[in-house]
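To start, the structure under review is shown below, and the notes come after it.
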Amino acid sequence: MLTDTRLAADELQHIANDLRDNWHTGRQVDFEEAIAFHESLPASKQFAPVLESADQPLLQPRAGVPLLEDQIDLLRYLQDEGGADLLPTTIDSYTRDNEYEKAEEGLAASRNGDADELNGFPAVNHGVEDCRRLVRALDAPIEVRHGTPDARLLAMVTLAGGFQSFEGGPISYNIPYTKRHDLETTIEHWQFVDRLCGAYTERGVTINREPFGPLTGTLVPPCIAIAVMLVEGQLAATQGVRSLTLGYGQVGNVVQDVAALRALRELGEEFLPDSVTVTTVFHEWMGGFPPDEARANGVISLGGATAAVAKPDKVITKSPQEFQGVPTKEANASGLRTTRQLIDMMIEQDIDLNGIDEEQRLIERATRALMDAIYEAGDGDVAQGVVRAFDSGAMDVPFAPSDAAAGAVLPARDDDGRVRIFEFADLALPDDIKETHKARLGERARTEGRDQSFRMVADDVDAISDGKLIGRPTGKRGGASDAD
Amino acid sequence: MPRTVILGVIGSDAHVVGITILEQALSAAGFEVVNLGVQTSQAEFVDAAKAHGAEAVLVSSLYGHARQDCEGFHDLLESEGLDVLTYVGGNLAVGQDDFESTRETFREMGFDRVFDAETDPEDAIADLRRDLELTATEGEQVRVDS
Amino acid sequence: MLTDTRLAADELQHIANDLRDNWHTGRQVDFEEAIAFHESLPASKQFAPVLESADQPLLQPRAGVPLLEDQIDLLRYLQDEGGADLLPTTIDSYTRDNEYEKAEEGLAASRNGDADELNGFPAVNHGVEDCRRLVRALDAPIEVRHGTPDARLLAMVTLAGGFQSFEGGPISYNIPYTKRHDLETTIEHWQFVDRLCGAYTERGVTINREPFGPLTGTLVPPCIAIAVMLVEGQLAATQGVRSLTLGYGQVGNVVQDVAALRALRELGEEFLPDSVTVTTVFHEWMGGFPPDEARANGVISLGGATAAVAKPDKVITKSPQEFQGVPTKEANASGLRTTRQLIDMMIEQDIDLNGIDEEQRLIERATRALMDAIYEAGDGDVAQGVVRAFDSGAMDVPFAPSDAAAGAVLPARDDDGRVRIFEFADLALPDDIKETHKARLGERARTEGRDQSFRMVADDVDAISDGKLIGRPTGKRGGASDAD
Amino acid sequence: MPRTVILGVIGSDAHVVGITILEQALSAAGFEVVNLGVQTSQAEFVDAAKAHGAEAVLVSSLYGHARQDCEGFHDLLESEGLDVLTYVGGNLAVGQDDFESTRETFREMGFDRVFDAETDPEDAIADLRRDLELTATEGEQVRVDS
């Protein structure tokens, strides 16, 4: 039975041996030799120390293209022209599905054709040596960013390949990213990944792990996101991970975002063992972007401004071309520089917003309630508990495509633009918190003179891309009207 | 009688928000919607269209692999003897491509209409009505904004 | 002798008659017929009512090209694609110098060549009828924006031409814009302009007047800018102006900017007669911009964010191409939309910053001290007083190119990025306020481990274009080092 | 002995901040600077160069009329028998022009060096030293950053 206990050494070895045969590059992985490679890297390429010792939020973009040389050029550009402090390598969708054969075809097609046939870098297909070429070619530390429910082989290859940070987690890379993976299995798979990171860590090569905080990116109530971060953090810590970067995706209300980041940091410190160094990452708005670069720059800037106030350890930036498709390197770099300008202009300012503490307390209370429900469901075991809580709907994520979550919770913004819960379904929140949410949404409904309905939710989903924060009825277009 | 349409996200794409909004808009407009959700295979679309006697299949794709995922879809529909209206929409290309050439590609693959991500659901519904020769009053809860 | 008294009707008439002969289009001006034209305009083109009844900050760009058709196209683009609520027509530099002959040559050259030979729209040369064509062609109200010390003929032609708002003032369009105009003469010239606006106003055609708040655009301490606004407001009110928009240019510190805008509004209400409707305009950063559109978008966004908190009646936007030269219409529209996105996402949020009241009180006390010094210098007459105060240095503007100002005051930022005064020269501020400024700058000097010097001022001048708010020594380049 | 340079903003341009910074940098580098301020005519530049025996004339222009304002400047210098180094800098064109073609235009008009608004004063000073064949130690308070 799945429990939150450390994977035994022989089991790790056994699974690793099996995985080696999933794709030929698996056989290139040699742990001892990988340790040696990591030890050869200069301090400036060591992810955890660079991140943990920074005195300002570090900036990191997302970026991944199929071919190695292109990926090197792209990252070098983002490093030199975008001023990225930390670099990413975003993995393609076939690899995320463990479809290495298809990824190989896409890679071959990209090599022959002029268009990119993959939406990311197929690291498993490239193999250990090419990953190292990438790591050697850049000056900043690089993280693997993906969205893979079963990322075991990917972790084996990329960690051996010199990457020192690995995004994702069993919930955050299941619920928002897939339909049919059951949570129990993904947790098992991530226990392997975390144990592997732990094994490196024990040998002095700290691997940073970053649970994916934004989840579905769409109006996720902070308490839900933070609870997932705490659960994944605990699961990782059990396997020996010692550097954890907990994530949170901007909702666009400055007070709520600052409060949520503070709650994330404080609860992270509290819930995770002292042996773990907790850092936080703030993702610029992860929902639908405006189809207009000028307006998109405004959204990005609000992210930068919020980061300057909340001071997370890291900020994942967006590009002004987010709406349209994978951005050009120029647009990606411009998102970095716009963010940097806001942070650098604002970070030394003493900006003290009223209302943050109150919102933070509300978020913390709700998060604790969810954590309690999870422990209770698992009789004290967080792994069992989170599976059962998602099963019963005590834990849920809005707009979850996965069969493993009810996806029944619906969020909506209140009159101030803060994300509240409109439909709780079976979410394990105490009545007084529910009342608070209902009251705030009631105010909004009164302001707008309409009932709370899915239409309100839909309007909020579109609001930022339509240039607003709150999806008020405008009567201008069908989608935003409350006529039906 | 409400007309049935099949809706889903093709391939291994998990972007669910768009079809959630589309489902709601189509239902509100009086259609019977069979929402297959994300990560739906070509075969699942075909099976559902058959099983529900659907008049239209609406394929969504956001993640940039639409072309690969839709390859051969119309051959499959034909081989199964299905003569349904097919729409495709979302972010259909990888990168910052020009939409007109993307539209052309998908038209050639057999889709009756191709929509970009800026599409207002109400516009797509108006097209659907036109293509199915529905009058504006035929739906249950019809509203078309001019 | 110059006094703050209303220009007699016959004198107005007399001056107007003389001016008619300065350029042939002066003879097209017919007051009665102009009133009739204004009365024919729909409510949506009436500047003062549109501005004064708005419930959100209205956005206005800067824009002026030599040819009428191009100006129509440009403004239509900014209105339709930029979503400008209010439109501008920026006048060229020759017209600002009353060099209508040279402007005529530039206009002819622009008509023949493909490049624009003027940096604005020469409205006097175009004459009354072409101005009306412009007004008729657009949907939004249009303001004349210029920088002309002697704007009498420009006012005659453009007001007859249907414009209903006129920027500038005797101090704000002298001190930052010219070298050799004496203040006494410019005040006389602007008394004419204001009286003309008053004459329209008395006939029911309210002409909005907008003193130019940003002055030299470069680290202007709020108290100085606000004092100039109050003086110009009073001079205008005396001549019968009833719609006054007082201006302020962003300094980049959010708390100081919000405090300054509040002080501006409150002191405006207090110092100006009740018959005057006071509104405020916030100018996005008027100093040197970053030579990079991505970073410039960040600067613009901070302006939008500040406006969302301070809620001025109007915002003058910048374009991401500000650094380089007159922007393309696309860039100009994009500055509008970026600003709009920030305002629309933030305006409904309850953002309550600590420290604003304290900063506002500091600004108000300093402004009152300057106003007292001005009244005292003029034995109660503000016109005489302001001339004498500038003469003695009791009143001064940093970086003033004009011989009419000492230009001896030097500003620098404190550790929080607020603009303080580093060199007071003869500025009439009480000792306790000086002490406050000195103490804040002392803190900064200690933080940086260097003396207060002109180098610090120079570093602050460059800071925003270098991507920061405060010009900290970096050692990176000569300009930012404190080695000498 | 410090070398004398004339500095000013030409035409009816009133942008004073740039020359204020330049004046400070030039003085710190050991030059004797005669700052004529803004809105300086060609004749005033020429008179000052003569009167002070200047070795270089530094013309600044920001507002977009530099070409017109500088027309005939070198003829005037020549007719007055002045053989001085001439630099021009700032925002020399109206609009978003390509700087290389702007540089060409001003070089053809006779300026020895043409600088854009991104110029670090220290770089211009290094050029000035080179052109005047000054060694780095000749100034009083010299510092050149590599």
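Should a chain be cited, it is by its letter among A, B, C and D, assigned in written order, with residues numbered from 1 in that chain.
Keep this in mind: a contact is a pair of C-beta atoms (placed from the backbone, for glycine too) under 8 Å apart; a residue touches a chain by one contact, two chains touch by 3 or more.
Chain identities (UniProt): A, C = Glutamate mutase epsilon subunit; B, D = Glutamate mutase sigma subunit.
Keep in mind that what you see is a predicted model, and the values were worked out from it rather than measured.
Shared contact partners of chain B and chain D: not a single chain qualifies.
One finds 29 Å separating the Cα centroids of chain C and chain D. A separation of 45 Å divides the Cα centre of chain A from that of chain C. Chain geometry summary: the mean Cα position of chain B and that of chain C are 53 Å apart.
Multi-chain contact residues, meaning those touching two or more other chains, do not occur anywhere in chain C. In chain B, there is no position where the chain touches two or more neighbouring chains simultaneously. If you sketch which chains touch which, the chains link end to end in a single open path, with no loop closing it. Chain pairs that touch one another are A-B, A-C, C-D. Per the touch definition, chain A reaches chain B in the complex via residues 93-94, 96-97, 99, 106, 115-119, 176-180, 216, 218, 287-288, 291, 321, 323-328, 331, 399-401, 454-455, 458, 461-462, 477-479, 481, 483-484.
On the chain D side of its complex with chain C, the touching residues are 9, 11-17, 20-21, 24-25, 28, 37-39, 63-65, 68, 91, 93-97, 117-118, 120-122, 141, 143-145.
For chain C in complex with chain A, the touching residues are 252-255, 290, 292-295, 297-299, 301-302, 304-305, 333-342, 344-346, 348-355, 415-417, 464, 467-470.
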